[in-house]
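Shared between the two complexes below is chain A, which has chain B as its partner in the first and chain C in the second.
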Partner chain A sequence: MSTIRVRSAASYWLAVPAAAWMLGVVVVPIMLLIWVSLWGGRAFSTASPLTFDNYAKFFANHTYIKLAFTTVGHTATLMAVTGVLGYCIAYFLTMKVRSPLWRLALFLAFIVPFWTSTLIRAIAWVPFLGVNGVINQALMFIGATNAPIEAFLYSKTGITLAQVSLYTMMAAGPVVYMLSSIAPALREAAMTLKAPPLVVFWRIVFPLTLPGVVIGQVLVFLNVMSDFATVATIGGNKHALLPNLVLLFYESSQIRAASVVAVLLMICMLIGVVIALRVVDIRRLGADR
Partner chain B sequence: MVPAIARPQLDLELRGIRKRYGNFTAVDGVSLKVKKGQFVCLLGPSGCGKTTSLRCIAGLEEPDDGDILIGGKEVTRDPPWERDIAMMFQDFALFPHMTVAKNVAFGLEMLKKPKAVIVERVQQVLKSFEIDALANRKPGSLSGGQRQRVALARAMITEPRILLLDEPIGALDYSLRETVMLELKMLQQRTGISFIWVTHDQNEAFSLGDLVVVMNHAKIEQQGPPEEILQRPATAFVASFVQGNNVFRGKVLRAADSLLEVETPAGSFLVPGAGLALGSDVSFSVRAENLTDITGDHHLNRLTARCTAVEYFGSVRRHIFERSDGELLKYDQFGAHAARIAAGQVATLGWRPEDTVLHTGIAG
Partner chain C sequence: MRIGWKQRSRVTSWVLGTLTVIFLAYQWLPIFTLGLLSFAGPTGGTTFPMNGTSFHWYEEVWKATVMNDFKPPLLRSSLLALACSLTTIVLATMAAQAMRGQFRGSGWFFYLMLLGIMAPGILVGFGFAIMMRILGVGLSWDTTTFMVQVSWTLPFGFLTMLAVFNRFDKKVEEAALTLGASRITTFRRITLPLVLPGVIGAGLFGFSLSYDEYPRSMFTTGPDATLPLAIMAQLDRQLTPEIYAVGTTTTLFSLIAVTLCTFGLWAMRRSTAVRRT
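This part shows the complex of A and B:
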């Protein structure tokens, strides 16, 4: 078998299809978006002068700024909840489920819902959370409440509930991978060096899975920051986050304003990813093992 | 169930340890006594239960049956972190996210020693294992020999009563092994810590162990000093596992004057022994160096066979013969004189009955 050297002509040619694809569907649209967000003047045309007026308008509006902070706060809540929950699930799957068959079955049970679209999964929460939904009926059946609780659907609680269910496995997946790559001998070595289980976890297992935790957090961060579908279906018209603002502007043909919010969202995400990369060097994942 | 009187002279005692995994019996009634400061080698083929026994001593496996005493204290159900042991793992199991110094300090940190004491002691140990230059490196950037030193330093720093070693030099380059073996033996003698060393390599076991424990099929076949295992194998398994033995199996034909005549597929031979019923199944062995091709009157056991190969091991010339029962017969000649037998030649080999060892062990 011959190998292709990294800097040979063949390697560049092989990269062409992927590069062309990325250029067409990622780079060019983003460039267009940035360009449109800078369009000034009254007419909506390519001849528009370039200006930062659209951004200035956004930052002058307190409602928008508040919305931006709400979005970041909401995302942070979700990262915390899915992070803890996801780690617990990952730990259970890799450390506590001994039979490989059970592990596969449980993992599939967690993964299969991801075969449907996010929108469908979000809508699936409506019959659960509604006034006559499954949760309310169950609560009334066991006598926990007399009247149905309206706070579930079309509320922030409902949005959070649904998003936790949607994104927990994104937080758990990378941790599952990292946990299963820890050699059992490492934990055993720590135990023979007089470390009780909690210390083994804190000193050995957790630090070794930290890259997985960070990657999971990045995934959740990116998805929640850009998730308008769940917010729209579960939150009704009462709640909105930054991505919904993009939709709102778009639907009212305010393409320049929509572009501004989209670009700002992208910058937020970029900052988040840069911070994550400073904590963990993803490219060096597993290099120490 | 344990007598109140402690036995301080024993560092470790195993009483009938048994461990099963489903239908597979990994350890079947292993009993062992390790005196203070003894170097014990558990020797056997892979899957014989030596590593499982070691893991039971460490507390990483819980035996289904039997007792484990460390320093006279019953610890059978105690977790690893409450036992007075340290362990060196086959692939060293260094913590990849910690520096060498942090790895070595780990055990002392767990013992909640004061910071200053830890720093000083780590410095000392790093120096004595000649790895002080590596203190701030991560295990990923170390060579096999360096990792081995770090693992040893990490285990020894807590000054355990017993150090358990699971194939500790198996992962090293062949050229390094002899040096490391000598160093470990000297370290053991200097510190007086009992070593329990698991290996499948008989050279390791015989050159290091004060006590060699040969295991097969989850049981102990024989335990004793290396010379005893080499010179007086107790079972056919031990004889065939240990290099340089010719093993024969047969039935007792006649018995007289503390000599047995045993009939084997390769012929009838005289073996010292008594008290066995005629017709009972026995096995015996004779070491390759006790054979000769210049037979005299006292070489009462004789066998004619064709030489198939001649091998050289330094000062030893080993001849491989094919026995009439299809098994191989090994004949070692010492000294630099010219070969008398070449491959393809037929020769008669003889040996004295008193050089023959009748296997008296029960297992196997």
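This part shows the complex of A and C:
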């Protein structure tokens, strides 16, 4: 017995506004993109004939193909780095920090930047990366280099450095959640049965946290694949990934080309999410508790 | 000689601990640098050395001309975030309550909401802008941007409310219903006050998400920019410590909002705890 009857009409109608909002603002516009990407002709009109010409044009250009592979490669690098780093941090926070006060303080120190703007945090990297930036001055101070390295600002390295700081907590968060739901008795049982610590980790702890790892990876994957703001801020106009291409075409009023890139981006993401869902069942996450 | 597992565990602790501390520094140093450099003197550049300390760049922001005036965008962003937050509270509570009713298609509904989180802002924003163009609707920060941003804040509010309803003690509701209260009265007098901290959390989450949102706004905002758009536009024109001053101000603004709300939730939990005894 609860305030709402199971399978009642009321429960159905309560969900309608939210469902309609999401359908109208998320699902329909994304479907529209597929349609627009198939438009032939030049005018912006719903009566345009449908063709695959826009796709043919995109795939005929080697620069774009290379860009697509660069985007996927860059995303894979970030997933690997944030995955390992995030897991280490999550493991330390949940398993190694004993004092509750310290744990709370550390959690807050990690979470608070999340409440500030990602854009500002990306901009904050600019004074770090420039030729006279903090990193170069520090390197020169300790004598690692004589001349400043120009490879930080407006470079892939700089973009990667900033994105690692922006997205590692996304990889760590779900792992923290899964780690803290592992019953200590499980590990104790394995220890009692004389399993060495590494085996306990590899055979017991890691498989139990795997859903968290995958969810974190999906979050990082989706965010990096679509993050054009950091690339634009730190990469200047020298670097572009697929999402920047959408923007570039949009600003030059090439709606069809922009839609084509958007659809391809969407397909990449769908493939990624489907692979992830094959590994873990997302619905089990909530049910475990 | 093999080292014992206790010692090995201590070594792991140290390694992981050092890594965590280094990462914390890595995450915080840029933010601190931004704050520090915003106090550079009038001749200060965008990196060290600072060339003196002053409030010059804050004055500059305050006295700004038409081109880089950040005050109207700040007002717009705040109003927009407030509207998104309130809409999210209402719709997310309704949707989460509906999920408890396990209506037909609730599985699909859950995935629809997840899609709102998964779908990248650039696709949603771009697609919505195209749709508005096909429908012939003009873009504006208080109509189209509002609609798009709610589609971003609502799923997070919904997940928060689902978690809140999962944890809350259903026996209290049952007691009220058994004593003859109607479902609506029970919801209003028993359920809602109990889940209120969660509702406020969802609203706060929505506020912050909307206030900082850039990709969704970029395609759907008309001539009047929101704060992230104004900052990005200024960054494209010219990088001066003025941007750092704006960044520091909005970061402080977010931090104060979070602190106040956390404190509010804490105080409220305490007061409800006292009432219970």
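As a working rule, the second predicted complex is superposed on the first by the 280 of 289 C-alpha atoms of A that agree within 3 Å, B and C clash if a C-alpha of one lies under 4 Å from a C-alpha of the other, contacts with A are read in each partner's own complex, and residues count from 1 in each chain.
Just so it is clear, a residue touches a chain if its C-beta (ideal position, glycine included) is under 8 Å from a C-beta of that chain, and two chains touch if they have at least 3 such contacts.
Here the structure is a predicted model, which means the values were calculated and not measured.
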item: Clash or fit (per the criteria above) of chain B with chain C on chain A; value: fit
item: Geometry of the superposed three-chain model: angle at chain A (Cα centres of chain B and chain C, steps of 10 degrees); value: 80
item: First (chain B), second (chain C), both or neither touched by A:Pro196; value: both
item: Contacts of A:Ala257 with chain B and chain C, given as first, second, both or neither; value: neither
item: In the superposition, chain B vs chain C on chain A residues touched; value: C
item: Chain B versus chain C as contact partner of A:Ile159, first or second or both or neither; value: neither
item: Chain B versus chain C as contact partner of A:Pro207, first or second or both or neither; value: first
item: Chain B versus chain C as contact partner of A:Ala183, first or second or both or neither; value: first
item: Touched partner set for A:Met170, first chain B, second chain C, both or neither; value: neither
item: First, second, both or neither for A:Leu241, with chain B first and chain C second; value: neither
item: Which of chain B and chain C A:Val81 touches, first, second, both or neither; value: neither
item: Distance of closest approach, chain C and chain B, by C-alpha atoms in Å; value: 7
item: Overlapping contact positions on chain A, where the chain C interface meets the chain B interface; value: 196, 289
item: Residue numbers on chain B that touch chain A, as the complex places them; value: 58-60, 79-81, 83, 85-87, 89-91, 93-97, 106-107, 110-111, 138-140, 154-155, 158, 164
item: Chain A to chain C touching residues, read off their complex; value: 1-8, 10-15, 17-19, 21-30, 32-33, 36, 44, 46, 85, 88-89, 91-93, 96, 106, 109-110, 112-113, 115-121, 123-128, 130, 132-134, 137, 164-165, 168, 196-197, 218, 222-223, 225-226, 228-229, 232-233, 243, 246-247, 250, 255, 258-259, 262, 265-266, 269, 273, 282-283, 286, 289
item: Contact set on chain C toward chain A in their complex; value: 5, 8-9, 12-13, 16-17, 19-20, 23-24, 26-31, 33-34, 37, 45-48, 91-92, 94-95, 97-104, 106, 109-110, 112-116, 118-124, 126-128, 130-131, 133-134, 147-148, 150-151, 154-155, 158, 162-163, 166, 170, 173-174, 177-178, 183-184, 186-187, 190-191, 208, 211-212, 214-215, 218-219, 228, 231-232, 235, 239, 243-244, 247, 250-251, 254-255, 257-258
item: Complex contacts: residues of chain A adjacent to chain B; value: 183, 185-186, 188-196, 199, 203-204, 207-208, 287-289
